[in-house]
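A, B, C and D are the chain letters, set down in written order, and residue numbers restart from 1 in every chain.
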């Protein structure tokens, strides 16, 4: 699929670093599908411990998946960024065993603020939720210089 | 502490029922502190598997806790309600071992829609996040009639 | 620029109808740049009576412009839809005399709910705000049948 | 009605200053009902030029009213603050001639960020919308020192 730019390679290493350092991603079985500059696509299979009292994916887990993709994307330039605010719309339910994919992409940035959109879908393309997050970047790298 | 109204007693039973039926609450160690009509206060202790790559509470877990309190509160009249949309502002970080409290209260309702506010704080009162959720009620009870 | 489909022609007529019927669009000097199925792009020039106390575009007017584009887009299939909730992130300021463009596009839909994104920019491409809206459709047309 | 503290007096003067300086408030007929530290209550009567194509209050005007109350409240300590993000839920419609009241109150603050809630109601108490805004304070006063 063409060449990998240095910026995209850095984004991939940042995402892998974050996943290896965080408690949540491994606990939730997060897999990185693709990571590029300003972009991340990750996936997670819904387990019984991720369901609400109605037997469908808990909104908190859907948000958590989206927020994880957001984090990988907004840190992708190796500048630490934190979430300041986010909003989510829930569109459809998902059930145990389904694999959810969260795709995060940068929508806009201005100064230290940036806005990311994350779409959460099932593997067969059913849209589960739309997420919008506001990040603020700090003056520190994620990865130490080589 | 005064009398418990039938409405508050029902709210408590609904919250306990939801917690007993869902995969998430037990997995996260959720405890119900108080449940009343249109209100719920729950708590959770931050574990290593709830932290992000910066070693602090993952935004997804903070949202998940708030969303759980929201669910208990918006189902409290024994009418099933689902989350349609939510927004969250992150105010401060929290670290492993801290006990987070999420307090959900009804702000307004109109027809089948209702708005709830959830404040997430540490046990010593530091505000971690403010959450606002929109629910939509369905025509079905949570608990079967006795 | 190619053919206009019946769906796009209908969308254009709905947008023009709404603009002609509403008090706000004419009062704000709204112009429809383009209207298609699930899409609307409109513009407005910032006047002195649209500025806040700091002499820049009032956030309420930026939202109002975005919300207008959202309305045209989510009614574009000639099914009346109303806004249920919206969120906005403000990215940069704009000043008197600048022409703002709001571009609304459908992001996802499920049943009677749909999510639209609206980007507000200056004519020279500076991003001013990102808006996300949740609509709910009703069982009634906007335009009477011909 | 008790004493007015210096902080509340300052808040009142800031709100009046902002209203006198902005283009929007006078254009919309905004009246300040009450302004205190971290709090503002304002009102506006719905005119024909504030209605949408369905003949009810345009969501943009409802937001604009809420955003104005938010601005007065988050600048109330005479430290300039700007809106970074906001979300709104629309609960009921309002019609021409109705007087809308927006009441803004500080919900939480941390460092330079603060969260405000604004409730928009009719004069007879019908809730029209609930708004949540995130502000960021800058290092400059609103009013020049006396």
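As a working rule, a residue touches a chain if its C-beta (ideal position, glycine included) is under 8 Å from a C-beta of that chain, and two chains touch if they have at least 3 such contacts.
Bear in mind that the values here come from a model prediction, so they are computed numbers and not experimental data.
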Per Cα centroids, the chain farthest from chain D: A
Candidate from B-D, A-D or A-B with the same interface as C-D, over half of contact pairs in common: A-B
Chain centre separation (chain A, chain C; CA means) in Å: 29
Inter-centroid spacing, chain C versus chain B (mean Cα positions, whole Å): 35
Distance between chain centroids, defined by C-alpha means - chain A, chain B (Å): 23
Multi-chain contact sites of chain A, meaning residues that touch two or more partners: 84-85, 87, 89, 113, 134
Chain B-touching residues of chain D, taken from the complex the two chains share: 85, 87, 89, 91-92, 107-110, 113, 115, 117, 119, 127, 130, 132, 134
Chain C-touching residues of chain B, taken from the complex the two chains share: 84-85, 87, 113, 134
Chain C contact footprint on chain D (complex, rising order): 17-19, 21-24, 26-27, 47-55, 58-61, 63-68, 71, 80, 82-90, 142
